[in-house]
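Two complexes are shown next, each including chain A; its partner changes from chain B in the first to chain C in the second.
After this line comes the complex of A and B, so read on.
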């Protein structure tokens, strides 16, 4: 821990830090381009010059390349260093066009900032500037090569950090070019990050092009809602339209980057079909009237049929606060506590995560730092994309990644894939089959220094995660834990799971039998989330009363007798708890309202003079529930009370949006034992496994038109031998027969799929939505279409 | 498109690739083989090399475009690399380049009307001891004066006719 003096201020930094990082710790920003926290220093741009006055190598040095030493004295403002930096600024500007007024980077441009910081103001160069022909990099990233300053950050991000192989540096000297071999969409699922790292206007967000200057943009720190990892984001919008999402920084979770699903998946916020008005019995009413009518109907139901006749459903999409208030309401009515996850098998996976695994959970940062990660039943790019990037960092640092999964898993790094059925994976974890593989993995895990097990909640279910918990414990030793990183279905599944009472698997039966007369859904859609969607739809249609709080247009909002529109996570404050039990607060970015782009349809918005903003009625669900409960606490008060009441939420009220968040306390309760029946329950030679896919499987991103170019249509994937056995060919349309019905879809073959399984994507909004992931595989048959 | 590598060459490279740990290190060899056969490396050549090595076309292109002696555009039969660096300048290199341009009636980067010569100024050929110098194919020439240049060009023209 050397102590050094920079600009007459002393600072002590960790071993291995550079002078640049030491200065940063003092709040001194040395002008720089090529250095980036996630990418490290390469000493390429020569902008970060400082003068080492005392030290083992005195003189002018590049601060990003100079290790901090004990007793070193550094000055950042000597005439020599300043003069040098000014020249670097000047020569970088020789080729840079003076087009800031039409450049999308303007206002948030590191080149603008650093050129000014370097002191270079007047151009002396009068020659021609180097010019390029731009490429079309697809719908997400715009390229304007003339602005390039050759810092190589884009390539270091795209290739080195993210593992993309279709974008790189070409040419040499004055003609270095950053792009693709040919025009076309960038292939990496993390392509948008090059927009964030490019310090100039070469690479900008094409979907945000010419929309808003930084100083007009409404922004706030938020949490990505598209999977359970809870990456830090900074959404930005204007004119009531959510216009872009950039990565936030949280070193414990995503680090500096996010995936393209998170970045381009927020179109649901602007979606024209979003519920915007409170509705009661088919007509528009004010929010207050809606709440009054809700209260009246519920109390009628309770008085006529008893509290058992009211059922409530919370969700992993709703904030912790809203779920808490829903539970409170149930308690006040004395009706059964809410069900927080409609899919019973998924609910068990969440329960095991929240309980059994809670003292062994690994953050995404801990995954990145691991030397051996074994993934059981998960497809990271589909279920938690940034996990795939974390696994790449494991491999880059010399570690190993092993994946046991029936799907054709792809990762942006080298890894070992064992195609095993879901049943085999469970059986292996139980020590009943694949013993050789199991013993080998066990040995490697014992020997590893920082082992992590990843468990896909959807494939493993509660029993699998419980077995995974036993495995981590048996791999612990005196020096370290073996950690586990479970994947859950939604952004706040952990938070919802924390509130879950004793298991309730009979909601559907209670609905069907007519015992439940009124159902209240909080940001959840039973018809597309329950594994028996058909039965659920029928049961719901028989209800006396369906009340729905939601911000997405769903089956439930369509059928609701009472609808209260809520805000999306970017239009309100709240807390989500991610898959490792990290509580993270998000802040309001925009006020709700129909975007001008929608009301004006590209023209001037209608010239109506009304006092209220169009579409401004949605309110945060927790506020609506407070209104229901007559609760007048502030959000802070609410969080404080929750933390006092529930000891695992300690620190909840201190959370700040944009911070690192806080882990919930480990569970102190005895683990719930799961039934192991399902391990032996699958048979038949061909079975169907509905799974999440990279784009379009989560209920929000499937409504984001920006993601359309990345969406793959519905298809069935099998091992080529399964196709051959049935005389079917890849590409042909086949019939898929299941208990849920018969479907016609194209067939795809992939050698990496396990034998005996048909992989089918779950795509809400298509006929395939009734095949909900998270269950065991289903019996099925495929055959060619009748001639 | 003419054949870029013979079936025999492809088999040989495949066998070689199967034996080495980092096939990537053969990028230049493969590109040169394509160039020797075809005169320059078209897009299809980059894709062929990428396919053989298990790389993406971009990964091959990054290397191909870095080296100025891999030609990614059509060149004459005899590309002339004329040294464009300080040692040659100090020994009359600029005048020599001028002379080449006049006698071939082309500007730097262009190909002569007969399709024989392309003039490519190149920063340092590494034969400073023989400045001013030029390089044609894999042979370097120097020190050169105008008459030497005329003689070399005449010889090559003759060779081309034969």
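After this line comes the complex of A and C, so read on.
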């Protein structure tokens, strides 16, 4: 822990830190380009020069390359260092065009800031400026190479950190070019990050092109709602339109980067079909009238049919506060506690995560720092893309990744793939089959210094995660724990799971038998989330009363007798708990409203001035529920009460948006034992496995137009030998026969798929939406179309 | 002494009035007679065009950032040829204080002041001017300046063909 003096201020830094990092700790910003927190220093730009007055090597040094030493004295403002930095600034600007007014980076440009910080003002060089031809890098990233200062940050991010292979440096000397070999969409699922790291306007967000300057953007720290990892994001919007999402910084979760699904999947906020008005019995009403009518109808139902006739459904999409209030409402009405996850198998996976695994959970940071990660039944790029990036960091640091999964898993790093069926993975975890592989993994896990097990909740279910819990315990030793990183279905699945009462799997039966007369759905859609979607749709249509609080256009909002529009996470405050039990608060970015681009008149905003904002009716679900309950506490009061009531939520009221979040306390209850009956029930030689895909499987990203170029259409993937056996060829349209119906889809073959399984993507909004992920494989048959 | 001063003070105005009655008046008979304002007078704002007749405004948001009363709003968009321009541009003259800071901030010399000051009216909405109201068909104070010829991006001329630019390099070339 050396102590050094920088600009007459003393600072003690950890061993191995550089002078640059020490200065940063003091709040002294030394101008820099090539240094980035996530990428480290390479000493290429020569911008961060400082003068070492006392130390083992006195003189002018690059602060990012000079290790901090005990007793070192450093000056950042000497004439020598300042003069050098000014020259470096001038050299970097030699070829930079004067197009700041038309550059999207203007206002958030590190080159602008650092040029001013370096003191450079006038270009003395009289020669011509170098120019380049630009490339078309696809619909997400715009390139303007003339602005490039050759800092190599994009390549270091794209190739080294994110594992992309189609973007790199080309050319020599004055011609160094950063791009693809030929025009085309960037292939990496993390391509948007090069926009964030580019210190100038070479790589800008094409979806945000010419939309808004930083200083006009409404921004606030938020949490990505697309998967259960809870990455920090900073959404930005203007004129009531969410215009972009950039990565926030949370070293415990995502670090500095986010995936393209989180970055470009925000179209659901501006979606024209979003419910914007409260509706009761088919006509628009005010929110107050809607709440009154809801209260009246529910009290009528309770008085006529008893409290059991009212059922409530919470969700992992709604904030913790809203779910808490829903549970409180159920308790006040004396009706059964809400169901927070409609898919019984997913609910069991969440229950295991929240209960049994809660003292062994690994954060994404711990995954990155691991030396052996074994992934059981998960496709990281589809279920939690940032996990794939974390796995790459494991491999980069010399660790190993082993994946056991039936799907053709791809990762941006080298890994060992064992194609096993879902049942085989569960059987292996129970120690009943594939014993050789199991013993080998067990040995490696025992020997590893920081082992982490990743479990896909969808494939493993409650049983699998319970078995995974047993495995971690057997791999623990005195020095360290073996940690587990389960993947859950939604952003707040953990939070919803915390509130779940005793297991309820009979909601569908209660609906069908008519025991439930009124159903209240909080940001959930039973028709597309329940595994038996068809039966559920029928049961819902027979209800006396369906009340829905939601911000997405779903089947439930269409059928609702009473609809209360809620806000998306970017339009309200709240708390999500991610898959490792980290409570994270998000703040409101925008006020809800129909974007100005939609309400405008021709080529300018409306010229009539009205006091109310169009489409401003949605309110945070917790506020609406407070209105229902007559509760007048503030959000802080609500969180305080929750933390007092629920000991595991300790610290909830102190959460700040944009912070690192806080882990919930481990469960003190005895582990829930799952029945292991479900595992060994496979029949038929071909079974169907509906799974999530990278783009379009979650209810938010399927409504994002920006993601359309990345979406793959519905297709069936099988092992080539399975196709051959049935005389089918890749690319031809085949008939898929299941109990849910017959579908016609193109067939794709992949040798990485396990034999005996048909992999089918779950895509809401397509005929495939009645196949819900999270269940066991289903019997099916595929055959060629009759000629 | 004060008596003398009082007498002078009583008679002098009569004398001055008498003298001025015989000279030409300086009063301008506004509004019948319009006055030519000085070139630096800060009146209503306008959006000028470059020598090629194209809109100069690139909707860079610097004028709206500089505006102390937030009376300028706009939305940028992109034309087919890559030109950035204002999809809409609105100045609310009911708020404008005619300080001229926007014209100082403007990097393309698009927004300029005119000598016009007759903006009074009964309907405040008539003082909210859209782009088509603000655009003029001349270059204002500096008619020869063309931002896109100086900027270093290919809008007014192909890449590398503007003054002080070299032709585009070939990054795949193997020569040293």
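Basically, the second predicted complex is superposed on the first by the 779 of 787 C-alpha atoms of A that agree within 3 Å, B and C clash if a C-alpha of one lies under 4 Å from a C-alpha of the other, contacts with A are read in each partner's own complex, and residues count from 1 in each chain.
We take it that contacts are C-beta pairs under 8 Å (C-beta built on N, C-alpha and C of every residue); 3 or more make two chains touch, one makes a residue touch a chain.
This structure is a prediction, so every number in the text was calculated from the model and none was measured.
Look at A:180: by the touch rule set out above, it reaches chain B but stays clear of chain C.
In the superposition on chain A, A:172 makes contact with both chain B and chain C.
By the document's definition of touching, neither partner reaches A:139: not chain B, not chain C. Residue by residue along chain A, chain B and chain C are tallied for touches, and C comes out ahead.
Contact with neither chain B nor chain C is seen for A:67 once the two complexes are overlaid on the shared chain. When the shared chain is aligned, chain C comes close enough to touch A:603, but chain B does not. With the contact threshold set out at the top, residues 170-173, 177 of chain A are in contact with chain B in one structure and with chain C in the other.
Residues of chain A that touch chain C in their complex: 97-102, 106-107, 128-134, 144, 146, 170-177, 179, 209-213, 215-216, 239, 600, 603-605, 607, 609. Within the complex, the chain C residues that touch chain A are 58-62, 64-65, 73, 75-78, 84, 87-88, 90, 107-108, 125, 128, 130-131, 147, 150-153, 159-160, 164-173, 176. Per the touch definition, chain B reaches chain A in the complex via residues 43, 46, 55-59, 61-62, 65-66, 68, 123. Those residues of chain A lying in contact with chain B across their complex are 165-173, 177, 180-182.
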